[in-house]
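Here come two complexes built around chain A, the first alongside chain B, the second alongside chain C.
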Partner chain A sequence: MIEAALAIVLGGVFNAAILFLVSAGLQLVFGVQKIVNLACGSFYALGAYFGISAVQWALGAGTPRPLFLAVLLLSGVALAAIGPVIERLLRTIYARDESFQMLLTFALVLMFEDILRIVWGPRTHVMGGGLYTLYGQLPFGAVKIPVYNLLVILAALAIAILMGLFLARTRFGRIVRATAENREMSEALGVDMARVYARVFTLGTALGTVGGALVVTSTAASLDMGIELIVDAFAVVVIGGLGSMRGAFVGALIVGVLKAVSIATYPELELMAVYMIVIAVLVLRPAGLFARATA
Partner chain B sequence: MKHRAALALALLAMALVPLAGRDYYTTLMLPFFAYGIALFGLNLLFGYTGVLSFGHALFVAVGAYTAAYLTSAFGILHFEVILLVAIGAAVVVAIPVGLLCIRYVKIYFGMLTLAFGMLFYSFLYKFYHLTGGDEGMRVLRPTLLGQSFPTLDKVGFLTGPYYYYSLALLVIATFVMWRVVRSPLGLSLRSIRENPDKAQYVGVSVRRYRFFAFVIAAVFGAVGGALLSIPTGLVDPLLAYWTHSGNLVFMLLLGGFTNFFGPILGAFVFIFLQDQVMSLTQYWRLVFGAILAVVVIFFPHGLMGLVDPRRRAGT
Partner chain C sequence: MHTTRRNFLKLTGSAAVALGGLDAILAAKRAPLFAQANPVKIGVLPIKSGVAATVGEGGMRGFQWGVDRINAAGGILGRKIELFIEEETNPKDTTERFRKLALQNKVDMVSGGISSAVGLALGPVAEEMKMIWVSWDATTQKGIEETMPKPKYSFRSTDNECEAVMTSIMAAKHWKGKVKTAAGLNLDYTYGRNNWDAFQAITKKYDMGLDYVLDLWPKIGVTDLTSHVAAIAQKKPDIVFASLVFAELPIFMKQAHAAGLTQTTKFIFPPAGLQHTAMKKAFTPDGIIFGHNSMYFEAPNASPLLKQFTKDYHEKYQDYPHFESDRAYSAIMVYKAGIERAAKAIGGKWPTTDQIIQGMEGVEIESFGGPFKYREDHIPDCNFYAGFTTSKNRYDFSTIDPVEIMHTKNLQPPTGMGFFKWIESWKA
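Moving on, here comes the complex of A and B:
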């Protein structure tokens, strides 16, 4: 009984790990650029499709099978190359109202869905080849948890810690935080805003694509995975507080575990439970659990 | 004077469409009428009050499911009753949702309305025994003003009586919205859009008027939704999905949110352009995404901004 419950929670933590990566990208971009990037779900879907292709190509080229996780991570990072291009497009309307920026990212959502359809076709893609259980499985009572899930959780944790250190300790991290706090002041102090925006957006893109690349082994890449994920990522950032990294971490854990538990106990409430919490947070603590005073 | 003539001409053209005998294009006008009404509501919020809802599809779904419920589950076929119940349902839903949402502006308002839309979506999707889940519910052919038109087949009904009924509703909705934006309420809303603090200072109760705007918008959304459900004959949870709300905002922006008639033009161009593009390529989202990007970047005042650049909403 305890083991079964633990397995459910662990499944939730796996979802939370992926959700954290995408939400962290969303938070970073919102925190600095004040853009709600609906297209982060599209980056996630792109990461998933590209990840499958990259692994199939790499294994075909003779890469040892156990290294596929590294291939996935690298493919996700490589995809971040689209970040600067999209940032260039968004740059045209930085001066405009936030609603327009959100709408432009909605235009990206529409376009990306068809770009994926053109490149990979309308059917869903699966990794296959037994890669999901390649690293073995841990028995939890009646259920088995693939070690892969634990590795992804560890990878997400490592990324979270690295992000924290990067924002707290490095020079560029300080600039990012200063810009999030007060854009005009950092600009006045000589920060090259165009460069900061381009880098931050690219980093946010990378978090989304890596998230997609890591999740695809356990599920399938489908065209609607991006717009579905947005709904969860959105819940995460509202619960955690817009623009807060710690908020993304805690919010992802809450949403991931809550979804896993409600699927196991009362599946009708899966999404509803999440959105009940979202609304409760918005009513009781409108700025989210971890928002700074400025948000 | 010029505008009145253009308006009369457009109305005449719309009244003559069924006579051309191209049933396909006539039925394509029906979602246009429905979306036109729903978008009037959305624009009362965005164009006049200055808050963008990313959850307007919630109220479209409320209207559509009202029609489905009354016709399929209760056998109530009077369309006038359906409209009244849809309006009532929209008000009942909009009061709690509005009271919560109007506390926020800008991006928070957008996010909160999106959250409520998704809450309703998950209710429609998951509570299978109540709503039919992802299979949705059937909407039966209603009676209009007590007439059931037994001699007409489905196409005959839609391109005949239902067409003119929808057109009449659009005209009524246009007239009502015209009165709303010209009323003291409309003036207060515009003052809130321009400067909420100043509006509050001169005695406009910002929250109360935003709340009124929210409820009125919901009512227009639900009427549009009920109207939309009849030609389709089926409602499904995707009506409340956030991408549907996104498409509504798309239509509004395409037509031009700064002009009173922008919503109608946007609905019209969106529906017919979508039909044309979809017949040319399966990748219509790519084309539409590009169109939206171009509109957002280069023509934020939409098509109406090109046609009639001088006229700001409500001026």
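Moving on, here comes the complex of A and C:
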């Protein structure tokens, strides 16, 4: 019984790990650039499609099968090269109203969906060849947990720790935090804002593309996958607090585990349970659990 | 004038030439009368984006294949077909596009419609605008019973429950006495809920003695089903009945396989055909009851038509077709056959809309899945295919063997009869 409960919670934590990566990208970009980047879901979908193609190409070229996880990580990181290009486009609306920013990033979501359809076609893309279970399965009560799921959870945890260290301990991390706190003061002190924005956006993009690349082994690449995730990612940032990395971490855990437990206990509550928490946070702590309230 | 033999011959000769010429002119005018006229304008509403785009794409490919063949053979009564392709999205926007096709493009017929919700919205608009609409796959039992009881201009799809009925009957036939518990994993919309209700009603009718231990309702487009898999594993059902239509199906199968669920549980996937090439052997076990709806590309009774289509499809798209191609192909071919039948009845003239409708009612065509025709209530009668998954094939995905074929006469209620009353009337 306890093993079954733990297996259900682990399923939720796996979902939370992916949610965290995408939400962290959303948080980072908002924290510094003050843009609600809806296209983070598109980066996630792009990472999934590109990841499948990269693995197929790499295995076809003779790469040993156990290295497919490394190929996925690399493909996600490489794909972040689109970040500076998108950021260049977003520069035109930094000074505009938030509604314009959201409209532009939503337009990007729609355009990316068309790009995915044109390049990969509308059919579902699945990574076959038994790669999902290549690293083995651990018996866990009535179910087995694929080791791959645990590796993804560990990877997300490692990325969270590295992000924390990067923001707290490195020179560029301090600049990023200073920019998030007070853009004008940072600029007055000589910070090259265009450079900071381009780098931060690229990092945010990488979190999404790596998330997509990692998840595709256990799921499939489909056109709507980005939009599906954006909805959950918004629940995460509302609960955790817009712009907060710690908020993304805790929010993702709450959403992922709550959904898993709801499905196992009372499936009709799967969505409602999450949005009850969202409403409670909005009423009792409007800035989210970890963001500081602003006047 | 005195008529000599020479004059008479001249006169009759001239008359013959003149009459012959006139006849030739008339013949020339008569035969290509429609050829010289405008093309037949047909509006199409395939889904192009989102999670169901793969369904729309399969349908559009089958429809286009049919149109290309008709045009290559000279068109419908000599009139080539011109397509006006719009898009199926939500009910409101799709009905607006339907109106645009009718009023602005002035099409002669509209075809398409996959979503149940869109189908329920399009039917009344087609009736109101007196525009022939041939659906591909958009009908639910509720729709048949309530929204369009006696349609004139709408030609609908088979009952959505057909594949659930067929696979449930197969489960009763092959697994009765071997299973005790069942769990449902069905998409959280009309189709999924209707299918789960149908499965329970049929398995009860067959007295399988099943205990329905769990019903889960994932949303369309969900990309992670690990929690659903864990919840199912906790209940340890003997059967999982899963109406998953889009990417959710291979995702579920992959995650269920990785969790070890496939070693102990039997599966029924009524609408799996739409995802058949995504069901890789690596994670799809043998022995799943797997529905292919109205067409299976490797059917044992495959006609030369199906073989040709599958060959052309694979050469062009490096893929294998699913049943939506059959639904769309039959739509255009019934329309063509209806026009030709009506024209024949009125001496070769181009028929009116009402005459075309009469021509379409009951006319039988050969579709990819076999003979296809509409009943008097504009619901199709055709073959349905399902079988047990096997990995013994030349592809990287699972196929079915043996293949079972049932006719819709045994899979959907007769005209005017409610679904559950019909099941009650069975002699199981």
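Note that the second predicted complex is superposed on the first by the 292 of 295 C-alpha atoms of A that agree within 3 Å, B and C clash if a C-alpha of one lies under 4 Å from a C-alpha of the other, contacts with A are read in each partner's own complex, and residues count from 1 in each chain.
Convention: a contact is a pair of C-beta atoms (placed from the backbone, for glycine too) under 8 Å apart; a residue touches a chain by one contact, two chains touch by 3 or more.
What you see is a predicted model; the values in this text were computed from it and never measured.
J.: Fit or clash for chain B plus chain C once both are placed on chain A?
T.: clash
J.: Look at A:P267 in the shared chain and tell me whether it touches chain B only, chain C only, both, or neither; answer first, second, both or neither.
T.: both
J.: Does chain B (first) or chain C (second) touch A:A107, or do both, or does neither?
T.: first
J.: May I ask you to decide whether A:F14 touches chain B, chain C, both, or neither, giving the answer as first, second, both or neither?
T.: Second partner only.
J.: Touch check for A:A220: first (chain B), second (chain C), both, or neither?
T.: In the superposed model, A:A220 contacts chain C only, not chain B.
J.: Between chain B and chain C, whom does A:E181 touch in the aligned arrangement: first, second, both, or neither?
T.: In the superposition, A:E181 contacts neither chain B nor chain C.
J.: A:G130 contacts which: chain B (first), chain C (second), both, neither?
T.: Once the two structures are laid over each other on A, A:G130 reaches chain C alone.
J.: Where does A:D192 make contact in the superposed view: on chain B (first), on chain C (second), on both, or on neither?
T.: So A:D192 meets neither chain B nor chain C here.
J.: Look at A:P146 in the shared chain and tell me whether it touches chain B only, chain C only, both, or neither; answer first, second, both or neither.
T.: Touch partner of A:P146: chain C, not chain B.
J.: Once the two structures are fitted together, what part of chain A is touched by chain B and by chain C alike?
T.: Touching chain B in the first complex and chain C in the second, residues 113-114, 117, 227, 267-268, 270-271 of chain A appear in both lists.
J.: Can you list the residues on chain A that touch chain C in the complex?
T.: 4, 7-8, 10-12, 14-15, 18, 113-114, 117, 121-126, 128-130, 132-133, 137, 139, 141-146, 148-149, 215, 218-225, 227-229, 259-260, 263-264, 267-268, 270-271
J.: Within their complex, state which residues of chain C touch chain A.
T.: Residues of chain C touching chain A: 48-51, 53-54, 56-57, 215-217, 219, 221-224, 226-231, 233-234, 236, 246-247, 250-251, 254-255, 257-261, 275, 277-278, 280-283, 319, 396.
J.: Under the stated contact criterion, what part of chain A meets chain B in this complex?
T.: These residues of chain A touch chain B: 34, 36, 38, 89, 92-93, 96-100, 102-104, 106-115, 117-118, 227, 230-231, 234-235, 238, 242, 267-272, 275-276, 278-279, 282-283, 286.
J.: Considering only the defined contacts, which chain B positions touch chain A in the complex?
T.: My answer: residues 46, 52, 54, 100, 103-104, 106-108, 110-112, 114-116, 118-119, 121-123, 125-127, 242-243, 246, 249-250, 253, 282-286, 288-290, 292-293, 296-297, 300.
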